[in-house]
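Both complexes shown next keep chain A, but they swap its partner, so chain B is in the first and chain C is in the second.
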Partner chain A sequence: MGTLRPRGRRIQLTLRQRRTLWAYAFLAIPLFFFLAIRIWPMLQAFQLSVTRWHVDPAQRVFVGLHHFRQMWGDARFLQALRNTALYAAIGVPAQVFLGLGIALLLNNIRRARGLFRAIYFAPYVTPAVAVAWAWSYMLSPHLGVINSILWLVGIPPQPFLTSPAQALPTVAAVVVWQFVGFHVVIFLVALNSIPREIYEAARVDGASGWSLFRRITFPLLNPSLVLAVVMATASPSIGILQLFTQVMNLRMYDPGGPLGSTSTVVLYMYQVAFRRFDFGYAAAIIVVLFAIILAVSLIQLRVLRRRFEY
Partner chain B sequence: MKVKTLLAVLVLTLGAVVAIGAEVVTITYWQYEFASKVQMIDRLIAEFEAENPGIKVRHETFPYAVFAEKVATSLPAGVGPHIVNLYYGWLPAWQRAGYLQALPEDAFPTEAIEAEFAPLVQAAKMEGRYWGLPTAVRTLALFYNVDLFEAYGITAPPETWDELIRIAQALTDYRAGRFVRAGFGMAPDGQDHHLVREILIRQFGGVPYAADNRAVTYNTPEGVAALKFYTDLHLVHRIGEPDFPFPGVAGYYRDGFMAGMIGMIVDGSFAIGAITRGAQARWAVAELPRLTPDGERHNFASFWMHGITPLARGAELDAAVKFLQFITSERAMEQWVAWVGELPARLSLMDNPELVADPILGPFVAALPYSHATFFVDEAAQRTVMIDAVLRVIRGGMDPAESLRRAALEEQAILDRFWGSR
Partner chain C sequence: MPRRLMPLQVASYLILTVGAAVMIFPFVWMLLTSLKPLPEIYSLSWFPRQPTLDNYVTILFRYQFGRWFLNSLVVGAVTTLSMVAFCSLTGYTLTKLDFPGKGFVFVLILATLFVPTEMLVIPWYASSVRYGWVDTYWGIMFPGMIHAFGVFLMRQFFQGLPSDLLDAARVDGLSELGVFWRVALPLMKSPLAALAILAFLGNWNAFIWPLIVTNRSEVFTLPVGLAMFSGEAGAHWNLITAGATLSVFPVLLVFAIFQRHIIESIALSGVKG
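Right, the complex of A and B next:
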């Protein structure tokens, strides 16, 4: 063997390369947390979904697709799945279009715009439990203020949350009320970022009112609209497909009731996991929900995203 | 010199070994946050540690809403309690998933348990072994608003269900389709699913489950009569309605009773504390009504038990056993009933004349001999089955017979799934 000779040459990096390297080094830290805290548990959930749960990992039994077959015969799960689809069908368009409508109105006023924005945004930052309790009192069929108002205008008292037919739309309305402020803020920011010159140029060309909205505002809002729709459908905070806290708290003693009419997939998963200690089945439910959310989000992005050039 | 050093090292090492051997064993006890129970356990721990200098007990509590979540996720990670407090209805799920170990037979002989504890404690037995023991048990009774009774000239609580209906009708204020005051607080999602399952069905001559707990047996004319009787309280007699006064709020019927919006409720001995603190009128307690003045009495009993988790091994298991023996002793129970207000689980303390004569605790104690603790295999699901059986009739207008038939089918499937997987 030859003699060891210290390497005199160091790897030469350009300034640009060095900067990139630093950037990756810093990115590695959040990436590590993302992998450890998001991706790794998700993979574990996949593994759990084909296992019969036991405290002791050595006693967890592989059960293959058993839990997935069990799901299709589980009336409570199927009801929760149907309800979740219904919530999304009502809640997503309502949130997004109300949010857009309110933002357009607020965009047109100069006085007290900040105050209105704060009023619409307040429910979003109010704890869901407090929201649920306040609505629970107001929606009491017997003593609630809403039925008193209806009575004043000659409408008979409504059962709201106590009726299997009305409970789901009522919960959806509360959820929309709570989340609409988020969309108002998103759309206000987007509206403010549309350059004035485009409107001025269009006006010079004779456009006005509805055609301004249809040809300029709406297309230029597209990125925000896509964001709003995807968030309203799928995000952990306001995504209707992950609805849980409001449903749980609007019926503390009979979560998902009456007669399962307000139950959601996440609520049912929670009950299976933490009431039945059946984490294998719960994981299978969450894997199915994951697939649904992924598919719906991809379709939404595909269908809604448009490129407009001006 | 060298020999001396060697000897010194040897002595020091030996000393250290002895010190480690005599080291204090620390065990952890978990329960949910309930002020009087937390204070009680703190006091019992102080007594226990004074008598057992080699054992330290760490007492940790969590809000009720997250308690099961904490247990569910901690134990698989190898941390958490050596002794845990759980509702007896959770036992089958916890046991199957390996969250508990059976009580050692030498320290807790099955025969001794069955001779000394109330028979309902047998709900803590699975596969021939006991998986925990309670300090206290709870039964149901009728709470009534004394001020309201007096205002309507009613002098005594109802003895029979017909009397209850009559009194409740007098107290009820129902206008234009809305209750202002309900004579009777209906809460199928409170205690009333127990009322239907274990009390009314039996009083009407039925039996809810087979003796081996593997079959639903309430889908009979007697069972239908019981469900119809309960739902008629609203549909025919209009003395109350589920979810009154505020749907969704935890303990709504109890809140309504305390606020004077409800004249009578069926509730557990565990509600005494809250009602004592919150009631705005004078109130009293009576044994649950029966069908006829000499009809059968039945009641539902339940308990929170202390179980030992698989984390307890070796010296920790020995310490956990000692602590469990201590908190389920007569001495602990005597303090418990005085401080927490729950009934003792040992037979020897049940006929205590002071307890029987107590105007509030008396009716609950009186119910112990005729109480049943439902053997739940999936408490949450079985509870929902009975709540839904009631609500299908009241909210959906379904015939009670059809609603009960569906409930029996659904609950049998739950039982089959559980027993089939064992």
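Right, the complex of A and C next:
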């Protein structure tokens, strides 16, 4: 026994070392990708934001916070920033409450539930470029079917995307149409995870209808509600603060127009970087957006968690 | 009780049907328009009076939609393979193997989730110019080779896999690679399928990066090609909607087949991630 023990420990040690070697062998390529594709470029973005760009690396100059000061005097940036906030103010509540409403309705019915769920979810998986062009056609003032439908019910034709006043809400509506299904799915899962017994107990206690929803369903949905709001605002896939593809394609001949009324921060960043080739300023713009996204997500997580806590 | 529920159910079906019509209508309208000859665009007809496939022939053979379709397929296939291989490997290592530095690796990968793609496109572009990746498949694909979302999705599933099973395989003399490849992965067929579908859809639909890194129309992906073509097509909505239908239809087909799978994995990744 006395001689076996140290030997056993040595074998265990080498076993652990071998496991470690295997683990890092497994992780070598993935870690390289993460570092090369995500981490390193992120640091480069920060560095670019304080640099005056030049094609020749030797002529790039450190300019400190110059770009960030430049932004506050840049009317087009400020308009894009204001628009982005407006998109979020319209789009996020609309998506979340419509999603919740549809999920509650789906929860009421038995038959064809799966079919409805699939129909509401379908736009989420389809290419944003293609559906944006379909909407662009449907919303066109003279050839569009939406104005034909409005005419049938006696409403005069609307300018939609061609009017500075209507363009932004119209884009927001298309975005809501595409992403609402995501929220339906999230809320359906949450609704299904609420135990039936809770409802039965509450009914025995005399609760029904609205009070049942207000006192039980809504508080128990709180985590999903917080998640939905945070995702709708800033997730990589559907975050409205990163709105770009829809804006670009709904008005391809004049992205961000009319008169900059649909422009977003990401669209403006794209124009500064790839039309004016001012990479330094564009990087500063996107760094500011990154800071806003982080701050907004953290605030949402805090405020929403506290407000509905039971 | 059932009598009181009836009106509520009828109202639910009614509202849901109206809503579903709004969701479906753009797809139907896209398809119908793509079957109309140009004059019918201007006569504002509802149904194509003389349905034709000419629009599809035009975009596939007079323009490069066929090429763009193939480009998107190639890009989608390669990135999906890479995502499936590396995300499952990473997810497995982070859940089932113990090693020093694991916490750090975990945080590092988690951190990348918070960095929006839009923030990285300028550095990506600068590197692509430097290494000559502009207008190449690799240039389009490299950002999609791995994503933290897939790692955490696979991690969720591997957490449900009993470690005893893996230990038993180790006792039987399988190497760590053998345990992963022969024991763990075969039990993950359905999560892997879900990841593959989500990765493919994500890359098929991607727009901002392929738009930036391609200038030559030969290497456009379908969304970029569609956007560029439509931007110059004026009021040829019959051709534009044919192109849009071409890029939407494969997706809807995949969705129709794997609908349950896709929705459930989105729900899982959303609820837990």
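The rule is short, and it goes like this: the second predicted complex is superposed on the first by the 265 of 310 C-alpha atoms of A that agree within 3 Å, B and C clash if a C-alpha of one lies under 4 Å from a C-alpha of the other, contacts with A are read in each partner's own complex, and residues count from 1 in each chain.
As a convention for this text, a residue touches a chain if its C-beta (ideal position, glycine included) is under 8 Å from a C-beta of that chain, and two chains touch if they have at least 3 such contacts.
Note that the structure is predicted; figures quoted are calculated from it, not measured.
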Fit-or-clash call for chain B and chain C when the two complexes are aligned on chain A: clash
Touching partner for A:156 - first (chain B), second (chain C), both, neither: first
First, second, both or neither for A:109, with chain B first and chain C second: second
Touched partner set for A:274, first chain B, second chain C, both or neither: both
Dominant contact partner of chain A by residue count, chain C or chain B: C
Which of chain B and chain C A:133 touches, first, second, both or neither: both
Touched partner set for A:143, first chain B, second chain C, both or neither: both
Touching partner for A:54 - first (chain B), second (chain C), both, neither: first
A:250 touches, of chain B and chain C: first, second, both or neither? first
Touched partner set for A:283, first chain B, second chain C, both or neither: second
Partner chain in contact with A:240 - chain B first, chain C second, else both or neither: neither
Chain B clash site on chain C (candidates 27-35, 63-71 or 207-215): 207-215
Intersection of chain A interface sets (partners chain B, chain C): 133, 137, 143, 249, 252-253, 273-274, 279
Residues on chain C engaged by chain A in the complex (per definition of touch): 8-9, 12-13, 15-16, 19-20, 22-24, 26-27, 29-30, 33, 41-42, 44, 86-87, 89-90, 92-93, 97-100, 102, 105, 108-109, 111-127, 142-143, 145-146, 148-149, 151, 175-177, 180, 201-202, 204-205, 207-208, 212, 222-224, 226-227, 230-231, 235, 237, 240-241, 243-245, 247-248, 251-252, 255-256, 259-260, 262-263, 266-267, 270-271
Touching residues on chain A, where the partner in the complex is chain C: 16, 18-20, 22-24, 26-27, 29-31, 33-34, 37-42, 44-45, 48, 102, 105-106, 108-109, 114, 116-131, 133-135, 137-138, 143, 145, 148, 177, 181-182, 185-186, 188-190, 224, 227, 231, 236-237, 239, 242, 244-245, 248-249, 252-253, 266, 269-270, 273-274, 279, 282-283, 286-287, 289-290, 293-294
Of all residues in chain B, those that touch chain A in their complex: 68-69, 72, 75-76, 90, 93-94, 96-99, 176-180, 187-190, 241-252, 261, 310, 378-381, 384, 387-388, 391-392, 395-396, 410
Complex contact set, residues of chain A against chain B: 53-57, 59, 75, 132-133, 136-137, 139-144, 147, 151, 156-157, 159-164, 249-254, 257-260, 271, 273-279
